[in-house]
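Data first, discussion second: the structure below is written as structure tokens.
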Amino acid sequence: MDTALVAIVSTGAIGGVLGVVIGVVAKAFAVETDERIERVGELLPGANCGGCGFAGCADFAKAVVGARALPGQCPVCSPDDVRNISQYLGIEAEQKEKRVAVVRCSGDCANTVRTLYNGIRDCRSAVVVAGGAKGCDHGCLGFGSCANACPFGAIEIRDGLAVVHPELCVGCENCVATCPKNLIVMVQASVDVHVYCNSPEKGAAKRLVCKTACIACRKCVKAGEEGQMVVDGFLVRTNYENPPTTDLVEKSQCPTSALRLASKHAANEYQGAAK
Amino acid sequence: MAAQKVNIPKLGIFLGVVAAVASGLLSAVYVSTAEAIAVNQQKKTNTALQQVLPPFDNVPGSETKTIASPKGWPVRFYIARKGGDIVGYAGEVVTPEGFSGDVTVMVGLEADGSVRKVIVTKQTETPGLGTAITDRKVQKTIVDLIRGGTEATGLAPNRFLDQYDGRQGGGTPWAVAKDGGDVDAKTGATITSRAVCGAVYAVAGTCIEHLQDLSQGGGQ
Amino acid sequence: MSAMKEFSKGLWKENPVLVLMLGMCPTLAVTSSATNGLGMGVATLCVLMCSNAVISAIRGIVPKKIRIPVYIVVIATFVTIVDFVMQAYAPTALYEALGIFIPLIVVNCIVLGRAEAFASKNGIGKSVLDGLGMGLGFTLSLVVLGGTREFLAGGSLFQVKMVPGWTTDFMLMTSAPGAFIILGLFLAGMNQLNIRKAKREGKTYTPPGLDCRQCNICDLGGE
Amino acid sequence: MLSEFLVITVGAILVNNFVLSKFLGICPFLGVSKKLDTALGMSGAVVFVMTLASLVASLVNRFLLVPMKLEFLQTLVFIVVIAALVQLVEIILQKVSAKLYESLGIFLPLITTNCAVLGCVVLNAKSAPGSVQSTWYGATIYGFCSAVGFALALVLFSSLREKLDLARVPKAFEGTAISLITAGILAMAFLGFSGLV
Amino acid sequence: MNEKPRKFKGGVHPDDSKALSASKPIQDAPLLEKYTVIMHQNIGAPPELVVKKGDAVKKGALLAKATGFVSVPLHAPTSGIVSAIDKCPGPTGLAIPAIEITADGSDEWGSPFEPIADWRQCPPAELRQRVADAGVVGMGGAGFPSHVKLSPPPGKEIDTLILNGAECEPYLTADHRLMLEQAEEVVVGAAIIARIIGLDTAIIGVEDNKPDAIAALEAVAGRYNVRVQALPVNYPQGAEKQLIYAITGREVPVGKLPMDVKCVVQNVASAVAVADAVVRGRPSIERVTTITGKPVVRPGNWRLRIGTPIAKALELAGGISEQPAKLLLGGPMMGIAQRSLGVTVMKNTSGILLIAGDEVSLYTSEPCIRCGRCVEVCPMSILPATISQAVENKRFDWAQQLNVTACIECGSCSYVCPSHRPLNQHFKWAKVEIQSKLRKK
Amino acid sequence: MPENESSPSIRLPDPAKLVVSNSPHIRSGQNIPRIMFTVVAAMLPACVAGVWFFGLAALEVLLLCTASCVLFEELWNRLTQRPSTWKDGSAIITGILLGMNLNAGVPWWVCLLGGLLAIVLGKQLFGGLGYNPFNPALVARVGLLIGLPEIMTTWNATRSMGADVITTATPLGMAPGAVEIKQMLLGNTGGCLGETSAIALLAGGAILLAFKLIKWEVPVAFIGSVAVITGIAHWANPAEYHSPVVHVLSGGLLLGAFFMATDMVTSPMTRKGALIFGLGCGIMTSLIRLWGSYPEGVSFSILFMNALTPLIDRMTIQKPFGYVAPEKGKVA
């Protein structure tokens, strides 16, 4: 049993010394870590979409704990998530409404004049060649740069047109920055009525290249209440401060079907609607 | 948040105790398995000896003699006895001339010094080339299993190793055909063939040369 | 019910080799035959179970600062014990084939990973079950991998020739390159299954990238 | 003497490459090879630690464990020594060179559980008595060369993976699967060195 | 007289197809009813409108004035009424503002300035102002305001003036005919420009596949102390940096301008415009354009007014005999494909080119086989294949590291690529992305 | 001029049929199949020589390998629903190269297995033509060599060696001095069926160089470095080492240097890179031949250098025209 004794004593000693060394080191080189950062990080959805403007969820967590950002800034967090984080940090949870993206174009292949284009299938690249391959200078090019940029698979390219699925969209805004035609805007998820056109050209010019362009006929303006739809040059827009109800689309009988419900648009219920 | 309070002595003691307990446990296991390990290791040598030697009833591992071969490599001879009489010797030698490192060869010899059987106990030769010379592969097939057939007995044949059977050392060293000898070498593995040939000859030659000496028996 | 879950997750859902990609060194090194895979798997299983049990038992009293060294000491102890036992009782050929990888179980990320991620947070019973499940999953993967390689190399399994007419061994399979390639093909197979499953459920599946995040030992992931 | 060192060098770097033929250090090989720059950092850290660990462990083995007949504690003691060493290196590095620490620091915790380091130390301890490798300087050289072999494989692999990033790999083979297959073909190429020593 | 020109690295030798129009003398286009002058014809700031709808203008009258230094004025191509100020398809396909002039048929001159007959005595600053007032831009392609090039900032010494008569683009013969038929004006223009930048000599670089043009120039060059330099045929010989290297052996550093190596390069057509502005007192309202291509019934060279609709220009050439696959402004290597006939001739429209379907079967891009042809031909010595793969994977940072910004978009790489990869578009895209990233910062 | 009047008889382009794309709008007419089939043509002399010397068995191996490569290419594309690519000729090249790298007498299933390794493992798993980091034919050849060393290192005798000689050694496997240079030039020696005839290989190489399909730097650096290194070894010990002439003419060196190391996809793109690549191949081939355990090092060395190619590419990025080094101390 001699060996055993030697073994026990010597390794015990080594262990003891090491323990002390580690203790000293830990004390001498203590790095201030904040457990709250880790915890907030766990509470965040971890999508790392960058929608908050920080370099990923971990960075955002640090910012939230350091009071440089508010939990509500995370576009992906559900209200519950925001509440949990706020509760954990003991700060006031501000209410925020969910925002979703809208691609303001309804010109799919069937409804628009298109140019034959031979080149890279990416909107941002196509736009450097002849401004894209669409008769309308302002329309969706349909090569799906936004769909590729969406980390949540919320944008579908359907018949050469980007269509947002509002239920999948979390509002990270990655698509907004990607679209070379600046077609995508973020709006409250509660609003369902949108004008799917963004061309400032004259109505006649628009009609030449697109069957579903907004021609500013103002039918919807008249059908809705005062100030619900606003005219902006040759284009009508939803007033998101004072949004119309969903029956406006039914009531106004938009002649080009540029006025659409986002939910129905996503469900592909406007196919062939253009006259 | 500030760094946690660190209780240094406690850390030291804790780690020390854990380490001590661990090593204590290890010592116990070490001691209790030491014997079994030794036995298990002998088994391998014994199996090899049984394969190359004629039937014996002693423990050749306990009666060995190490003699330097003409090339200077130490050859370790195991002496096999049956009923007290020497029935054969097994010589083990390590040759550094293998293709990719050492090759350990065990040569079983009859009492008169002629080669009985050769096996290679350790090698790192190129799979498929060098190993074609060194390996005696026995493989049961599914058919054997289903038939419940007999356990494979003896050694699988290998024409490169079997060609030494019955040869006796002495005279000119054996050489492979390429070097002008009469030992068959494998195309593409000349060097391994050469190394094995040299090793077998080292044992056989040393055995013949020191047969007198060996017949006196060996020590531990 | 939950005990069953702790046990079964290691077999498939969180299979340490094919899903978590832990313990790659022994996985690649010893799977030249089904027997070797089995031996290595069982050895790891034993260590995993014992260390999980002990670590779970002492989890309350280990100071946080020295928990990793303590875990390593515990694991190393069991590894050494397994080493001795195998040396004493396992067939010599197997012990030699596993070689250096027996002592290297110490640094197998499965063991330390489970200690950190599971045993240090759960009770003894659960930890043992976790260790058993993970160990079995590991063993299973190794046997399957080893069996595949052995079979593809010469039509045999557990050193028994399954295809009697197969005379020329295809040694690429048992060589080092074969290890990487076969494991790669296995992972691709797993991915394909997941892709199919995701497609059925209307989702997309992205095969995991290579990062060692799963072992939970350090915070270097992804790079 | 010189030829023995040459054998160790060529053997450890090319012929018996730690990663591609001995399967040691696979985890960092696969994990830290996404980018060439990180791979270079990791390589530097491993070379440094492995050389040091080989030296220290062989000294501990030679002058502590063997005389006290405590070889059976090798695994335990080695891993503890490595862990402590890594910790110490980290601290010293932090003090001595902030720049070096910045580039190597993040890799250090990973090295504790790099089986290449423990594997190298154990291989040294298990080497035949009397061989160069069993001496402290031989062990150190072996550690250094093995680490260089590891680094070579890692750097090659990471540059290949950077190239693979651009490839249209079938979906099921994306990520780990194709990386492993690439490593397999790389191992094939390394097999060509066999027999050089 | 002829120094041996240096050969720049890389380059390609596409079939030049110049025979279609090289022997056709320049014809003056008849007066049209309407001209649509695109507002923004130069690199830099767009000019500011000085007329309004309904205004009557004389030929050469100011339509829009320069806004700032890097900007040029626009002048009326004929006398008539400003009938509309609306959008018109621009060369990039996107609609841009344009001024429509309805001709009154008298075509009466009303130039805002007088000829300077004794330009040899005129102070350089005045000549420079004249170039700016006349709205002369680089007529070879980019449309960079000429007077800007002629105003080196203090401290920048200029010792060489090069006139670019290389016309290396296949199909185009406008400069060739100009040099042949108006050799004297080219040389006078060169001499005036030389005077503006304080030199007394200039070099005209001409590719040696135009021996008649070289001969014509040499016949008059000596009188104005101008030298004609024959250059080997190698596309893109006419690219500024390559031209400077071929003639002077100087390398323009990446991201720098010719003036950084003491050179000024002007297109020969711009030189004629300068001569016109100074000697005849006429602003830049017309240019020589090659209308060519296999589908064109009568390919040739026309002197077209700025604002001539492409459709009208094509009618001059007899229309088409078959539907072309592409309509280009400029040459086939760097020209811009059009998607409508609505665009009008601008100051830098050196050619209107129709490409037949068989010449341009719609290539599908295949994976790069790393053959390295693009690397061999790249005149800027960058790695097109690697950059293209980086861009394909949206690795713009990497493309930037690989010096994509040095690319001059000559298209040589795409021309030779056996996989028909859209290399040039990749680079253009990468540059746009890099620019927008810089702007964000 | 009446014809200049706008008249309905003048036809103008229909804008709806105009294609927009980025410049340039004309192309050189070069395409992948044309390149590939020129390479095939360049390989033919060596194949013909192989068939001449080794008989119909060689033809069988060549055809089988080509067929299996094309088959696996097509199968894989069908399986993964990718467009069919065998017509681009790359699979055919791989097949012929693989066949040239085999002994004329290999069993049929070796050809099939080789095709599988080459096309699936070596090429399609990486995404097909252009994305494979390793030369597919070499992946197959080395895979077979490791997997079936016995079959891969037995070489048929040529027809002129007499009916009773079935297998023979390669010149490299013979004792130095026993090698006939003339027979090696012709190809009447043991070896893989496409690698023995030096003259035919040189003719093929000349075709490749003439059509500018390969960079001259690779074969020159490769062959040159082998000649120099083996020359030094031969000079030091002529009894043990072959003369450099034998080294250059024997084994797969010429085949490798002209047809395999020059594979565009897997070798560096710049000329400087090609030079380094060739040198590396040569050095490694010499090392393996002189001291390694495999009888031949060309395949291994090219495969190894393939792995180094991304690094070489990175190191040899050329400076752009007018490049100015960023000033030190200035952070870009």
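Every chain is named by a letter (A, B, C, D, E and F) in the order it is written, and numbering of its residues begins at 1.
Following the convention adopted for this analysis, a residue touches a chain if its C-beta (ideal position, glycine included) is under 8 Å from a C-beta of that chain, and two chains touch if they have at least 3 such contacts.
What you are looking at is a predicted structure, and each value in this text was computed from that prediction instead of being measured.
Listed by label, the chains touching chain D and chain F alike are A, B, C, E.
Once chain D is taken out of the picture, touching still joins all leftover chains into one piece. Across the two candidate interfaces, D-E and B-F, the one carrying more C-beta contacts is B-F. Nearest to the common centre of all protein CA atoms is the CA centroid of chain F.
Ranked by how far their CA centres sit from the centre of chain C, the chains are topped by E.
At the far end from chain A, in terms of centres built from Cα atoms, lies B.
Note on chain placement: the centre of chain A and the centre of chain B lie 71 Å apart, centres being C-alpha means.
In this assembly, the C-alpha centroid of chain B lies 31 Å from the C-alpha centroid of chain D.
One inter-chain figure worth recording: chain E and chain F are separated by 46 Å, centre to centre, where each centre is the mean of the chain's CA atoms.
Chain F has its Cα centroid 50 Å from the Cα centroid of chain A. In chain B, the positions touching at least two other chains are 4, 6-7, 10-11, 14-15, 18-19, 22-23, 26-27, 30, 99-100, 126-128.
In chain A, 3, 7, 10-11, 14-15, 18-19, 22-23, 26, 115, 118-119, 128-130, 133 are the positions where the chain touches two or more neighbouring chains simultaneously. The residues of chain E that reach two or more other chains are 93, 336-339, 362-363, 367, 422, 425, 428, listed in rising order. Pairwise, the chains that make contact are A-B, A-C, A-D, A-E, A-F, B-C, B-D, B-F, C-D, C-F, D-E, D-F, E-F.
Across the interface of their complex, chain F is touched by residues 113, 115-119, 128-130, 133 of chain A. The part of chain E that touches chain F in the complex is made up of residues 8-9, 12, 14-15, 29-30, 93, 170, 241, 245, 251-254, 256, 295, 311-312, 314-316, 318-321, 323-328, 330, 332-341, 353-355, 359-360, 362-363, 366-373, 375, 379-383, 385-386, 402-403, 406, 409, 411-412, 414-420, 422, 424-425, 428.
On the chain C side of its complex with chain A, the touching residues are 65-66, 69, 73, 204. On the side of chain F, the complex with chain B involves touching residues 146, 148-150, 153-154, 167, 169, 173, 175, 293-295. If you check the complex, the residues on chain D that touch chain F are 36, 155-156, 159-160, 162-164, 166-170, 173, 178, 181-182, 185-186, 188-196.
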